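Read from first to last, the chains carry the letters A, B, C and D; within each, the first residue is number 1.
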Amino acid sequence: MSVFILRRLMQSALVMVAMAAIVFFGMHLVGDPVDMFVSPDMDQADIEQVVRALGLDRPILEQFWAFVTSALQGDLGQSFVFGQPALGLILERMPATLELAFIALLMAIVFGIPLGLYAGLKPDSPVSRTIMAGSILGFSLPTFWVGIMLIMVFAVMLGWLPSTGRGETVDVLGVPVSFLTLDGLRHLILPAFNLALLKISLVIRLTRAGTREVMLQDYIKFARAKGLGRGRIVGVHVMKNILIPVVTVLGLEFGSLIAFSVVTETIFAWPGMGKLLIESIQQLDRPVIVAYLMMIVFLFVVINLVVDVLYSILDPRVRLGDRGA
Amino acid sequence: MTTPNTQPGATPPGGAALAAAMPAVPPVESPLRRFLTDFSASWLALLAALMLAVIILIALFAPWISPQDPYDLAVVSIFDARLPPGSTSMEGTTFWLGTDGAGRDLLSAIFYGLRISLSVGVMSGILAIIVGMSVGLAAAYAGGRTETLIMRVVDLQLSLPAVLIALILLAILGKGVDKIIIALVIAQWAYYARTVRASALVERRREYVEAAACLGLGHARIVFRHILPNCVAPLIVVGTVQTAHAIALEATLSFLGVGLPLTEPSLGLLISNGFEYMLSGKYWIAVFPGVALLLTIVSINIVGDQLRDVLNPRLQK
Amino acid sequence: MTSVRTPLLRAAVAFACAAAVSAPALASDLRIGVASEATSIDPHFHNLGPNNQVASQIFDRLINQGDRQQLQPGLAVSWKPIDNTTWEFKLREGVTFHDGSPFTADDVLCTFARAPEVPNSPASFSTYIKGKTFKKVDDFTVHVTTDEPYPTMANDLSVIPVISDEVGCGATTADFNDGKAAMGTGPFKFVEYVPGDRIVLAANEDYWGGRPEWDKVTIKPIKAGPSRVAALLAGDVDMISGVPTTDIGTLKETKGIVLSQGVSNRVIYLHVDQFREDSPFVKANGGGDIKNPLLDQKVRLAISKAISRELIRDRVMEGLSIPAGQLLPDGFFGVSDKLKPEAYDPEGAKALLAEAGVPDGFELTIHGPNDRYINDAKIVEGIAQMLTRVGIKTKVETMPRSVYFKRASTGGEGGLPEFSLILVGWGAGSGEASSPLRSLIATYDKEKGMGAANRGRHSDAKVDELVEQALKTVDDGKRAALLAEATERAMANLAIIPIHYQVNTWASREGIVYTPRSDEYTLAHYARSQ
Amino acid sequence: MSQTPPVLQVEDLRTHFFTRAGVARAVDGVSFSLGRGEVMGLVGESGSGKTVTGFSLLGLVDPPGRIVGGSIRLGGEELIGRSERDWQALRGTRIAMIFQDPMMTLNPVLRIDTQMIEAIRAHAPVSEADARERARAALARVGIPSPDERLAAYPHQFSGGMRQRVAIAIALLNEPDVIVADEPTTALDVTIQAQILYEVRKLCAETGMAMIWITHDLAVVGGLADKVAVMYAGRIVEEGPVDAVLDGPLHPYTHGLVGSVPSQNRRGQKLTQIPGMAPSLLSLPPGCSFAPRCARADGACTAMPDLVAAGGDRAMRCHHPHQPPGETAVRATGEVAGETGRARA
């Protein structure tokens, strides 16, 4: 198992380096960030001064080498825009994004599994058809469009929930979280739902497909032949089987939740790292983009490991070593 | 005469038992016919397929059926900007769905936008299928280290969300239809590679493939005549879903400002432009392209759903 | 055109009124939604609008800028040149920093020492400080000397926030961000900075200009325009800046919402390739090579005449622009009162093209950003339509500013500007015509630091001479005349083709009135309750 | 045997499937009865309705299928028309079922003990510990070595034969009156099949359970059952004591079936086969369903023959039966049946 984890980490280190290189050189081709930063009144000498100060006058290979050597010491460089360590900027905004993504994940499970179960158990009922139609809509509607509609309806028209921002936070172990305060929770609902919508649809579909398939299995009929009640059959026999694909997919989708938070955070002015990324892209803040991607790759490696472990817990037929080898 | 137990709609929860209880009937229909019968079992799917056909026709014939060429700046005038549906231009043409912020006839813009969105979706889909299929087949057929290596790359690619990959790529590549297709292909090929490999692995282990190998048939022949045809069904299913996904992705990227150039808007760009007008009361600028995009994606998804149900052998017992 | 509105939207607006009226925050709290976020609390870190905007509320400058960027006494009560190369600043007495320590000349000296030297700064204030020597005469008198006469001394020093010698000058940017060093003398005290989410300020009870009206100010960055408007309608903020032009119509009709509008110091204009015989994005009809017709003043004039600035104002900007005929709107220092916007005259344009030897026009690509100025891409598209109508077959290419500006400045062969015709904007930070004249119009010259943003490479020795002379003329009247003359000459030559001045819009809930500022800043002490 | 009141009495059971393509009469008027400790073989081709008959006995027929008529009496109690709740209470306690494929009948993600204990606790308020003890005993009874350890295992850790034993153990847990075994040995190796048959036979004798053994394999029936019913197209075409039927099949279909089984006694003889295929239940010919495949069919066969007694507890449904082997033969088979019955007891 430790060999398996070690191998995973090695692979991801390689990916991180490759990723850093691609983005590093790619961003170099795109544009000169200095054009974005300079204030209009600066003359040519001032501009060159900035270029030198940011180290952008040196050959790109030299810049990359400098980046790699300091990255090995845990320093991913300073943001051009903020003048702060890029990693620090990201870590500072990470809790907000992770919180949003976790709540969205939770919503996906809480809404998705029961609805999917229902649709799977009674595939021909009108309610199930409505659920499935809804899930296709949820699948098809662009996130940004849904986001602004949510604001329109729940914040502007009904005035039930705040439109933007994160609201009040409290520190838990030094990490600010908003779900523990009423105000924070109110701020969380809309963006989290916006982010979750796609995943709710996904979970509904997965659960429904899984349920339909599991319900056809002989072991369900056998369980009925044992005289088990419907509750026990659905709650234990069906659930435990469909949880395997659902957990696996959701785990992997957690990454995409974080990625799609770019859109949601922009619309809801949620102070997370997705918003930081899109702003950094717009401003060519290379160190932040590179650091973000390395962070994401690292995060995904961790998520994948967690999913693998969960998977082996849920499905007795799988043992960890088997998959890594 | 149709066999009751092959109707997906009629497959009951107790289908396994029923199937066992039912006598086997000789297949009297051609696979295509059965496919069509199965597919049209759901009126919703049929409706969606019909809708999709109409959408594709519109996209194909946009230049001939649009009232205006929305890309011709000699015709489009900002003087006509933001006119409500049914208004008349200074030259006397009627804007049935109104005009957008640049004075384009929305109906024409939507027709042309469909053309771009669909071709972006389909082109990127086809290219991604070609890339993914080659890689997936190579992996499945080569086996061993090559396979492990390829599939690791695929796994890694899959673990990175498509939207993120496309976002970064477009930031590097810049705007344009070609760029976005490249970005979408790079973001999506891995799905196909995985699908093809999975099906190909199953097929490769079948006796007939072994038999073909024993007969001394060439690699190419085995791959193309025996393995590939069996990967087609799952590919079609993944392909429809991914095409819808690509169209939505393009819309999102346009919203984030890294999609297509402004003057030749796709549906996604029309919506993201309309996004500005969401609160302004000029509903038509946001709503009509939105409806068009929604109809497109929803019909593709419904068709894809039905295809999956029909082509999925596991639900077909 | 009649305004058709769905019931949904009408309902939205109706509800919004109810929300805005029924759920205001405490009267003395002000929550502002702004379009762009400050990157630091350190006032010297980055000379950037959003940062300066925040700094203006926590810190004072020696000389503050009023709503039209007129110079007002700030921490200096008076300033005057005492000889050709020395300016004397008399400082305000009895001012204290937020931590209670008194303000003296030491703070001024350390401020100007620190400002150009902030590590990692992407754009420091050194432009305004270099070449100046600061000397403390007594606790409340400072002398600034330069090698040459320096008329824009007061303008330069009106952009640099003054920090505290005691806690600020030795501090790092991070110290400012977490509040330790964020001690100013300004109307508001720093309370909290949550990157990406909010900046919270509290009233400075002892402000020398009088206690500000708001006890607590929360500044929230909400980047997406519709989200910002929605936040106002939903009552989550009391005021927003940068109201999208598309929403102005709705907001105007919304009860409980008031708008404030004011012209900006930002001119939107076209830069024209005036230095290449073979301009990369100019082609003969059909795509062949052609000698760059843009070199011809007549062609440039034709382009200017082909553009209906009124149509752009009415149809693209929803009325929110002022057609421009020069570099700064009327009323700013150094503008000419003779220059009027070029009238729309397509026939005249065609005639000029014929005169210039291109009666059938030519092919052209116009480039512009799509995320920098108000409706930038749409303006470019509108201009392309108009040029196409007079025979210049124009294609449009817009791109994000991240890509655009590099290509526009140095993207071409040999590090030259890449494009042939581009849309750009210029905001005169100092509020003087010298700013755009020096950077946009003067001949590109690295040595002299002139023409740094002259992407069309227009070059006119006479204009250069006038500008240089003005920059050495201390007498305001003479300087203004020189600047006006330079402007007139440049405009006659169409060094640039001005389109319009932006008009900026703020929206607030009823009961709050914002005094619009031409520098586009949103400052809490410019908002008043009624 | 026939004097004791039957444990299970089925009369005119009809289970139909209502599909869009028409009504499939999967079970159409099946009647039989089963005494304590009696083993009945239910034989037929796939699709003949034998599995649906089994499911009907447990009320496990799912839509679009439905029991449309007839009577099932378990220990004298009528089951048809009962609520799902009543059925649920019966299943696993009074009547249990074993499925065909041991690889599929156990939930792969639940441990064996979970699956056994829930079967006990679904019916009686038994403590977890007691239930586990009963589960352990049940495993031991079906011949699973070191049952304590095996309780904590997952199904995939067992071989096919072992899994079927576990399934049987689960069916036995609550000591039902009747077990319906749906081809439980078909998927297993011949040697394991023999072991399991032996043990099942023993268990029935020990506990007095009645059993319905559904199979297409006459050889299995011959070694196991007391009596046999042959189904064709939803109906019983012949029934009777096992040896009598096997030795002297009356119905042409049974005759065909018997003839197609290779056996040591008939070494060297030609194996017969039944021509044609099983008919679709949706398009049954009028009259005798077997007529299209029957060499003896004639005009009379367009009318459905009744199930008529043929002496010696036998009955058959045919207009042109094979000649009964005569009275002596009937008596002889009766003796044989009796003898084997005693021998097995």
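Following the convention adopted for this analysis, contacts are C-beta pairs under 8 Å (C-beta built on N, C-alpha and C of every residue); 3 or more make two chains touch, one makes a residue touch a chain.
Only a predicted model underlies this, so the values are computations on that prediction, with no experimental measurement involved.
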Chain centroid nearest the full-protein CA centroid: A
A-C or A-D, whichever has more C-beta pairs in contact: A-C
Chain C and chain D: spacing of chain centres that average the CA atoms, whole Å: 90
Inter-centroid spacing, chain C versus chain A (mean Cα positions, whole Å): 37
For chain A paired with chain D, centre-to-centre distance based on mean C-alpha positions, whole Å: 55
Whole-Å gap between the CA centroids of chain B and chain D: 51
Where chain B touches two or more other chains at once, by residue number: 9, 13-14, 17, 171, 174, 257-258, 275, 278-279
In chain D, residues with contacts to at least two other chains: 60, 100
Touching two or more other chains - residues of chain A: 30, 148, 152, 156, 217-218, 221, 266, 281-282
Chain D contact footprint on chain A (complex, rising order): 217-229, 232, 236-237, 240-241, 244, 314-317
Contacting residues of chain D [partner chain A, same complex]: 58, 60, 88-93, 96-97, 99-101, 104-111, 114-115, 118-119, 122-123, 154, 156, 167, 170-171, 174
Of chain A, residues touching chain B in the complex: 11, 15, 23, 26-27, 29-30, 121, 124, 136-137, 139-145, 148, 152, 156, 212-213, 215-218, 221, 252, 255-256, 258-260, 262-263, 266, 277-278, 281-282, 289, 293, 296-297, 300, 303-304
Residue ranges of chain A touching chain C (in the complex, touch as defined): 30-47, 49-50, 53-54, 78, 80-84, 89, 92-93, 96, 148, 151-152, 155-159, 162-166, 266-272, 275-276, 279, 281-284
Of chain B, residues touching chain C in the complex: 73-74, 76-79, 81-85, 87, 101-103, 171, 174-175, 257-258, 261-263, 275-283
